[in-house]
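Shared between the two complexes below is chain A, which has chain B as its partner in the first and chain C in the second.
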Partner chain A sequence: MPKSSVFSSKALHGFKQFVRSEASRFLALALFLVAVFYIIPICISVYMSFTPLRNWNIDRYAGIFVGLENYYRFFYLLANDPSVKSVFLTTAVFVALTLAVNVLGGLSLAIATFFVNERAAGGLQLLWLLPRMTPIAVYSLIWYYFFHPSSIGTINGILYKLGLISKPIDIGQGIIPWGAWAIIVFVNGLVGVSYGMIVFTSAINNIPKELVIAARVDGASNWDITRKILVPMLRWHILYVTTWQLLSLLTTYDHLFLLVKWGLVNRDYGTTWSLYIYNTAFLTGLQDQGLAAAAGVILVIVSSILGFITLKLMGFDKLIKPPRGDL
Partner chain B sequence: MVSVKLVNVTKVFRGGVVGVKDINLVIEHGEFMALLGPSGSGKSTTLYLIAGIYKPTRGRIFFGDKDVTKLPPRERNVGLVFQNWALYPHMKVFDNIAFPLRLRKIPESEIRKRVVSVARMLRIDGLLDRYPWQLSGGQQQRVAMARALAKEPDVLLLDEPMSNLDAVLRISVRAELKRLQRELGITTIYVTHDQAEALAMADRIALINEGSIVQIGTPSEVYGKPRTVFVGGFLGNPPMNFLEATVGYVEDKPILVIGNNKLRVPDHYEELVRKLGLNQVIVGIRPEDMGIMDKPVPYRTIRAQVYAVEPMGRETIVVAEVDGSQVKIVTSKSIVLREDQDIHLYPSFEKIVLFDPKTEKALEVLYEEEKLE
Partner chain C sequence: MPGMRDVEVRSRASEALILLVILAVSLPLITGYSLLILSGFSKSMVTNLDPSSFYPTLMNWILLLQGRTAQFAGIRVNIWGIVANTLVVALGVSALVTLVGSLTGYAVSRMNFAGRKHIMMLLILLHAFPGSVLVVGVAFIYRMFMPPLEYIRFYSFFYVIVARAAIEIPMATWLMKGFFDMIPWEIEWSAIVDGASRFRVWWNVLLPMIKPGVAAVMLFGFLAGWMDLIYVRTFLVDRTLATFIEANAEAEYAYLPLVAVAGTLYLLPTIIFFIAAQRLIFTISVSGIKG
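Moving on to the complex of A and B:
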């Protein structure tokens, strides 16, 4: 059979032209980067999850195939090991609450700024960028001292001075689980607020000011304007920030790593899924890369599903408007 | 009865930008007032002051006898229509129109009745189920009008509501809006930079320039008797012609010297020119108040050269040069003229307006003001 009957020569010609074009070079670079930094690591993880790899002994284990064993182990631990159970409970609570703080906090700040005197609020908004700009170690250290379970801890110092407590309380280790959760939500919530705030602020600034003036003339209060005009018009941005933050919260562990390592929060109730993967793969004594890879693969699947659901729930498909009606 | 009164209203924005200064304006109950001026002259600022969106830096605003200076917008019961119509993009037409009513907690059945009746009046009752982006410009403009009228406002404020419509549509909406305003008898302030719109629709026109009101009057007053060079030059298409003239005296009678032309001073200005003792004046003549002759008449015609002829169908615009400056003449006659041909312009003397070159005010205005001092 001649080749031209499979690929029409016209299509082939078009393809050849595309390969030679500037655009293909540009696209090739992007594809290359995606492959190097995303696809290849995922493939390696998936592969590793089917091997009994441990202690990074690649020569010895990487060639052995154990089927779904790592996955069985993962679900077995999830069902039976209390500390793994607590990790997943913590992940759910941490992601849900921090997400709420991130999105609602960012939205409230952006809207408050909109209603308040612009200049003063501009400075205030910059303040919220500080957690983002501060190096992770320094930022974590600040909150380490803030919540420290001794009289040098800021909170304890204040409560003691006010005479509300007689001896320092250990919030992160003593009040389980909510004390530990409160700290990790607080610290990460603060980091994420600036992101939503910036997205929402720029979106609000793009809303024609006449819409708000019209509503005011019609008798709308700030609350009415927020509820009936700003929030509906920011729908797409809220959807975007929510999805984005959800996915990054599922995978973030840098602050948590330090807070747990320094002993400020309880290990079981300060560890989330992604930190658990890190610990399982790298922490001395565990070093079970096969199990970690399986947990990682499941995290990718769960993130994808959750991301898809949020987009669906918030009506991503409706964003693509039907064509303009005939006039 | 709602009249609107602005007394010495000044608005200075943060940063010192003066929006309007010392505005005094009365709009009678049921009157259609046009606020006319170039872009940036303070028209929208005035409107927003009346609506209560801006608070005046100085001065007071009254609705009838009631001082509303300090009242928030919601307690003023005004309807406002914007240049971009400001329809809420996420609401259907029905909900857009119902929005002000819902804020007033009116029962939903009553809201439905009112929305439908105002939509019917504006002939958009077939569109209630659409989103704003599914409408044409003209339809969006009607929806904006409907939203402003649905709440039965005491005062209707329109901020260049037609400048986003194409020229043909604008002319038909113009008549419709004027008719609607008459029927509803609602006190209306219409902001525009389009002099034709203001002349066509308004009972009275307030001309505003650089934040100050320069003249208030009926369309024929502001058109025929401009108080300043600005008003003469802003109204009319083509606008008023201005010629610089020196004042001379022949046998003790004042005459106007424009280049090599000598022109008698119009009767109604003779005494004023004498009293004010001016050496220089600006002669303002409307393009339609000049005839074209082929022979000069002493003291009555100005010599000119044809620069270009623009036949416009119903009328012809002749552009001519007088002593180095251009003037336009609108004539209904179809005359045959060559370029560079010598012609003689015969102004209607009773329509001429003379201005003082220094203050750019009409001589009668200058005289009044000097008398007051």
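Moving on to the complex of A and C:
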């Protein structure tokens, strides 16, 4: 018997076993939802990338097969259209800078709150969780006013009071590209910091206290403890947070959507790959779902490769039992 | 010695200095939220930090709750309807996420079945899947099953709730698994020996023991549905607070303090939950968040 058929009959057997098991009844609803809202949409996206689907006119376009045309178009735009080029440049800069803010910010917050009393530490950590729990529209609104290009903007108000400017400046549209990049990195950075903060805090709480006590007795300062004990003990967690956040940032778009739509940041330099896919598929005037699907499929391939590397790097068993204690 | 963290020899002065630095770094965050809320209580926006533009008034709140989006002009919106729509989505997502999460979490935590490892791996992978790609395929299905015109509103509510809840399943499962893991096996064992089915054990014995866990998943599902923008704006025919703010923030006729009030109203559940359930929120965040 050839090897492959042994494998497939084994898989089939395993599947039958699963269907007959009691667990399958507990999992049925979840598996149904996962199938309808994850697996099938992914397959449909791949299919759509081979059709000329436009304006959601499914009846007219979804049956036509155009081969790799959308992919050619995508790479052609990438090579020739400045506004698509800028999207990918923006994605690279955005992911790199926000990742640095997230990891270093989370690490600094976790370590800093380690050195203060528990009440204050808890309060500060809650404050930094707020961005993640805030409705996305309100969160965008807050920073819309904060960076507003008119005299009601907070930044403009401060700069004006300091006498640094005489009339309001438009950071997101006027200072291209770094003004737009600064805003999107800032706004997303604040959301992402809490993830690292939480993982690092619970990891720090699991470090044997004898180490810190011994170091204190020997006269170590906060800085010594940070450098010689905390950071080395967190090495694995830093790697974990970095790769996880890298994946998340590559697929982030919801916290950017309104900033671009409201015109707070320049469209070309405020749009990331993920947002480009969403806007191409849904925004009035674009509505090119074939192209969006092709750009999406390529993003899926890139993030799958990254995800696979993450799993390899971490070891799957460690992910099943994440390295954080129970908080 | 309650909660031994750093040792007690740390100096008060350095602690104060660290606190000061963190507060300074947090200043934009504090400023942004405070100015939004404060602007809602003022005749003109105070976001420029100019105290002279602060004229205290409750007028914005009255206007908003009457559904008037401009100070004088006659545009009227049914703001209570909008709040109700937002609530329906949030409660629906919360209920579905709690049901599915507690079923799946139980199976993954307590049962050994063929493919257990694969399902857990699938849940992790799904958690990292690009949302913008997903939503394109989900929209295709939405349009394929479009019902006759008179049912579209109902259909869009149903679809938003189910589709939005589906995204939260991986996280809810991990969260519930964590709570089930904490219950000693003996309790369940004795119930099974007494002849109870796994469903009875799940419903009558285990779920009552992890009420905080169920509450956490409910709260987390509620907030997920409440704060959503993308699914709501893509699929829902009716307006929620998110799409209301989206449409009004930069509109020509917008009276800005009124939008600030709408934002504050929208922020209220978050603030209430933060005050009421600090520990619970921390548990939720620890158990699984996507950054």
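Observations on the structure shown:
Here is the rule we use: the second predicted complex is superposed on the first by the 263 of 327 C-alpha atoms of A that agree within 3 Å, B and C clash if a C-alpha of one lies under 4 Å from a C-alpha of the other, contacts with A are read in each partner's own complex, and residues count from 1 in each chain.
Keep this in mind: a residue touches a chain if its C-beta (ideal position, glycine included) is under 8 Å from a C-beta of that chain, and two chains touch if they have at least 3 such contacts.
Just so it is clear, the structure is predicted and the values come from calculations on it, not from any experiment.
In the superposed model, A:I213 lies in contact with both chain B and chain C. Of the two partner chains, chain C is the only one that A:Y144 touches; chain B does not reach it. By the touch criterion stated above, A:F257 is placed in contact with chain C alone, chain B being left untouched. In the superposed model, A:N266 makes contact with neither chain B nor chain C. In the superposition on chain A, A:A112 makes contact with chain C only, while chain B stays out of contact range. Contact with neither chain B nor chain C is seen for A:T242 once the two complexes are overlaid on the shared chain. Judged by the touch definition given at the top, the superposed model places A:T226 against neither chain B nor chain C. The partner that reaches more residues of chain A, of the two candidates chain B and chain C, is C.
Shared interface residues of chain A, touching chain B in one complex and chain C in the other, are 213, 216, 324, 327.
The touching residues of chain A, when paired with chain B in their complex, are 208, 210-211, 213-220, 224, 228-229, 232-233, 235, 321, 324-325, 327. Chain A meets chain C in the complex at residues 14-15, 17-18, 21-27, 29-30, 33-34, 36-38, 40-45, 48, 56, 58, 102, 109, 112-118, 120-122, 124-138, 141-146, 148, 151-154, 156-158, 160-161, 186, 190-192, 194-196, 198, 202, 205, 209, 212-213, 216, 222, 225, 244-245, 247-251, 253-254, 257-258, 261-263, 274-275, 277-278, 281-282, 289, 292-293, 296-297, 299-300, 303, 307, 311, 316, 319-320, 324, 326-327.
Across the complex, chain B meets chain A through its residues 48, 51-53, 73-74, 78-80, 82, 84, 86, 88-90, 99-100, 103-104, 130, 133-136, 139, 147, 151.
On the side of chain C, the complex with chain A involves touching residues 3-7, 9-10, 14-15, 18-19, 21-23, 26, 28-33, 35-36, 39, 45, 47-50, 99-100, 103-104, 106-107, 111, 113-117, 119-122, 124-126, 128-141, 143-144, 162-163, 165-167, 169, 173, 178, 182, 198-199, 202, 223, 226-230, 234, 241-243, 245-246, 249-250, 256, 259-260, 263, 266-267, 270, 273-274, 278, 281-283, 285-286, 289-291.
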